[in-house]
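For reference, the structures are reproduced in the following blocks.
What follows is chain A paired twice: with chain B in the first complex and chain C in the second.
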Partner chain A sequence: MQKQAIFKSKLLPYALVAPQLAIVLIFFYWPALQAVIQSFLLQDAFGLSVSFVWFDNYVELFSEPAYFETVVRTFIFSFAIAASSLSVALLLAVMADKPLRGGAVYRTLLIWPYAVAPPVVGVLWVFMLHPSLGVLSRYLRAAGIEWNPLLDGDQAATLVILAAAWKQISYNFLFFLAGLAAIPKSVLEAAAIDGARPMRRFWTVTFPLLSPTIFFLLVVNIVYAFFDTFGIIDTMTRGGPGKSTETLVYKVYNDGLIGGNLGSSAAQSVILMIMVIVLTGIQFRFVERKVTY
Partner chain B sequence: MALRFFGAAAAVAITVGMTASPALAVTEIQWWHAMTGANNDVIVKLANDFNASQSDYKVVPTYKGSYPDTMNAGIAAFRAGNAPHIMQVFEVGTATMMAATGAVKPVYKLMADAGEKFDPKAYLSAITGYYSTSKGEMLSFPFNSSSTVMWVNLDELKKVGAEIPKTWPEVFEVAKKLHDNGHPTCGFSNSWVTWVNLEQLSAWHNVPLASKANGLDGFDTKLEFNAPLQEKHLEKLVELQKDKTYDYAGRTNQGEGRFTSGECAIYLTSSAFFGNVKAQAKFNFTAAPMPYYPDVKGAPQNSIIGGASLWVMGGKSADEYKGVAKFLTFLSDTDRQVYIHKASGYLPITKAAYEKAKAEGFYKDQPYLETPLLELTNKEPTENSRGLRLGNMVQLRDVWAEEIEQALAGKKTAKQALDASVERGNTMLRQFEKTAVK
Partner chain C sequence: MANVTLRNVHKTYTGGFEAIKGVNVDVGDGQFCVLVGPSGCGKSTLLRMVAGLETVTGGEIDIGGKVVNQVEPADRDIAMVFQNYALYPHMSVYNNMAYGLRNRGMKEAEIKTRVEEAARVLELSAMLERKPRQLSGGQRQRVAMGRAIVRQPKVFLFDEPLSNLDAKLRISMRVEIRKLQRRLNVTSIYVTHDQLEAMTLADILVVMNGGQVEQIGNPLAIYQKPATTFVASFIGAPPMNLMSTRADEIKSQLGGRAGEAGILGIRPEDLVITNETPSGGVALSLTVDAIERVGAETFVYGSRAPDAQRVAATPGELPPGEVIVRIPGTEAPAIGAKIRVAAISNKLHLFSGDGRTRIEA
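Right after this comes the complex of A and B.
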């Protein structure tokens, strides 16, 4: 009854959500629908010859061993990026949460990298670790390490993971900092009075109380590693050497835009879309339930 | 309601779009290109000069990013129904553009329809051959062409007491000397790994890269470069990579700084690298012809070009095409070609312009600027050295580079890598054949 009273006109509520709806329809549903349609078509780059091929694009994709290698690689990348950026960010947040002289300065500096665009991050790391130009490469070589990410796939992969994780640390740091601030001091003090040392206090009190934040960040980081690392990969390695840094998103771009194979590219996008829907679904389910401890 | 809003938004967008384009007194000709720096200035000057030379047409050049970006932008614009009139497409996009019958207007047809004087014989066949049908009909207009040359740091060679190497065995020998005397990280190297070590290598030795005259005679071409010559060459590179007598420098031209910095004293890449070498190299340099294997009969043959050409897009009015035709005639002018050649370092495309540059003594002080022309015209082109026309060429190159990288990293033998390149490449060619307009 009360809801009716707020809007006198029946149209007003619709009018108010219309802009948002329009944006979602135009920028999400419409392109998504296009991707689904295109994934059933075989066409040349210019769209001059189009034929409907049912699931051919998917069948071809799944009969390609390289595709599964890319799937596995993407998951390894995602977990490596999420694990390394989360653990470093948590460590930094716990440190920065302590009352420090100039704490605000540290915090600001730690948040800074988030403002750097992914392709810039890529260029930055390339300059530091390029086999012949890089400053750090010189030290690595002096330390007796054969550093050549242009040819060594594992090194290239490490490089991309490092750069991608570095970029995400700031974001995680911010959330951890907020999460830590929300932990009641009284609980920690109580634990301290009971004789728990700092390490024990962290693992038995702080960490469990942070678990909703950690879980939320885990999902966000995995989604980040899936999609937003494109810029980093494109500027650093372009998927090479071999295929050692090609993730699913990079393959979509490579096959569709560089290779002109829009059907396969669309099919890959649809699969990616399903993966994200599943991930988001898991997140909503668990966040709703509030991870318990 | 949402739909109605969408309709309204679309209407607004259309009105804005319409009012944004000015009333047209002259016919505008959109020219999308991928040139930066000094070469961008050349493009702007050419457009300005053309616009000043007459009052019916106005050429509007627009920079659209890298070569692949420009091509993708053009393709997307075509799909949306507003393609530019002229689009600069790199040489490896040729097959894709050619296959798009209806999306493009072949240059020979354009000139005939517009009644412009056009003599295909006035152009250097080593250049136009790449962009012509097997009957010699010119499909696109060569704009900026280059070829592979071997850049040499003369000071460093002098230090180790070596002459400029002419053959591959000599290159390996000199590189070894360089490697052992002050160049531990790079005896020699190259950019564009597949262009230099597969495409040019094959043409220069008159062996096929692919069947059907490297694809010029049909889209049902098959790759054939897993043959003894290419295998021997790659095996040698793999062997020399181990101690960095040869050191891989990446798939595109990002490693070129290694020559100008002095790290690599022998470096194979495009002749268009000249601008950077001139600006940055603090040593005496020259560009020598590509080396060859002396045991291959008839080598060296002739090199093939790289660079880009101008494609005229389809579906425009007769008046617009007349303007485009006039612009292409304007570009073919001898003096203008000489200007482009001198200003950009790219090759002249007409015989008259080449002769004129020669007569002016342009190559006297800078003989290395003639090297790519001498390579291209070294012998009458054969089936194996006229050019390449392979669909999906951009991605093909990536696939080949992936395999070569694996060989250089020691994960595959040279033979395995080339076999896999051919096999994976053929699958892609068949995919392209399926989608090509018949």
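Right after this comes the complex of A and C.
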């Protein structure tokens, strides 16, 4: 049965949704439209003239090897962040799901990091792993590791991935915990009676039953790694050393706001926009199917 | 094939709640044992202890001559049917049944033979490729049964397997379960709160209350000679009428027999509407309060004289002074009528005042 509110005035329903529509239009559609228009324009170095150049910005972008390096780097970052935060979160959730003394406290503590803002996460990790100030750096050096993320690009990348993944663990943990709670206890008991040892029980029953949660989180984590890591990168490395931690989002900022190449920056954001639309589309399709096992 | 023996089994939860307070049960090879009792009496806990899903905090559980207190559920050679079926939702019917066999490293060819045989018996052959969510409640129930029988275990455990089914299906599944168990001749322990299910299925009936066994025995023997007032009122529907022997009306009729007995019980079907008082029997005066006609029989709800209503018999389900009479057919007295009902002497059940002991006349 369909529930339908009856309004006497035809204008009232529109008036009621107007504030929300205004926000969406002004803060989302207007800038998005601006970006699309901008991506077709070219400005001279002094900002005195603007010319319409069709797809020149895109053509130039795709002919630039540095752009593809950034694309590949972003994908590596995303999968590294998603894989590490998902697996650690799953491990923690499975352990926290057991009836423990003080389990509620333990679970609450694990959720805390989610409340920390990304730039703060960046600062936190920078301090811990700063080559001359960091607490952890001392131990690393003591262990004979030449640790200097300010100079070594791979180490800087590792650092960013660590911080970004750490921040996302809480979020994933929360969903995994809910996912685990939704698995009927009797199904696991039946598996135990059916002769499955704990590890086999996990891989043949728990894990498949969690697969909808895992898929949902995978998409959310990739989107997070693509876009929300800006704050972390900005406070930790500013994309450096060199370009070793510059992801697509950071490149948009670097080229546009720092480099002043608004046309190319806009073209990049349009491409990112298309990526989000695709990812969200995939997610909706699967979430709507509800049961994926 | 195995005996299952529980010796002085206790279960105390951390926090001190004692769920099982010393239970002794002996289930012979191939017998069908039913644990029955109200919710919270510990029957499911006891079953889960036999399965190995709950730890045993005292006493011994013995399956086939081996104490299994410390043995993992997987190694007890038992199969269990759960109330909510507990099927693996992501596996097909075939894989649901094959899972336990694969875990034990059985060859695929042998698994196929066993699963197909079980599917044939349970009429599931056409549904082997379906997922549990595509099945009806009765079909899921049969898959759960199938998962138990393919394993050919020493013991079947059933935890209220029929309580999620509708009334009609429940009766037919009850008959199916009994037939199947007879044919396979596997020792079974079955938990239910439904006394009718208990009566019809059991070789041995174990009536439980408050973590203790009230009575063990053949279902009919329990019905005919309940050991306590709890059993008397729990087994049989409508329940046995329990009344205090302190009421003058009863005291005078019982005479010497009333001595140590505090409670008199009479089953509704043992009361006859008559003006005569059988020698050695008991007659009661009732005012008819309500009539229930169910077709083949009629239940008459009557209340006794105000004097008798003041004296309540201990744990009865009936309000003090209320008496149910079960008469065949549909002929019944009018509401408000004064009637006399009587029971003959060997239909009287006498219990001690606290209801814990049966007193044989």
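The definition used in the following text is that the second predicted complex is superposed on the first by the 282 of 293 C-alpha atoms of A that agree within 3 Å, B and C clash if a C-alpha of one lies under 4 Å from a C-alpha of the other, contacts with A are read in each partner's own complex, and residues count from 1 in each chain.
Here is the rule we go by: contacts are C-beta pairs under 8 Å (C-beta built on N, C-alpha and C of every residue); 3 or more make two chains touch, one makes a residue touch a chain.
It should be emphasised that the depicted structure is a prediction, and the values quoted were computed from it without experimental measurement.
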item	value
Clash-or-fit label for the pair chain B, chain C on chain A	fit
Touching partner for A:150 - first (chain B), second (chain C), both, neither	first
Which of chain B and chain C A:285 touches, first, second, both or neither	neither
Chain B versus chain C as contact partner of A:10, first or second or both or neither	neither
Chain A as apex of chain B and chain C, Cα-centre angle in degrees (nearest 10)	150
First, second, both or neither for A:133, with chain B first and chain C second	first
Comparison of chain B and chain C by chain A residues contacted	B
Shortest CA-CA distance in Å separating chain B from chain C in the superposed model	45
Intersection of chain A interface sets (partners chain B, chain C)	none
List of chain A residues in touch with chain C within their complex	184, 186-187, 189-197, 200, 204-205, 208-209, 211, 291, 293
Sites on chain A touched by chain B in the complex	11, 14-15, 18-19, 21-22, 25-26, 42-49, 132-133, 150-153, 238-243, 254-255, 257-261
Parts of chain C lying in touch with chain A, wherever the complex brings them together	51-53, 72-74, 78-80, 82-84, 86-90, 99-100, 103-104, 133, 147, 151
Sites on chain B touched by chain A in the complex	1-2, 5-6, 9, 68, 72, 75, 78-79, 96, 99-103, 185-186, 241, 248-251, 255, 257-258, 263, 392, 394-395, 398, 401-403, 405-406, 408-409, 411, 428, 431-432, 434-438
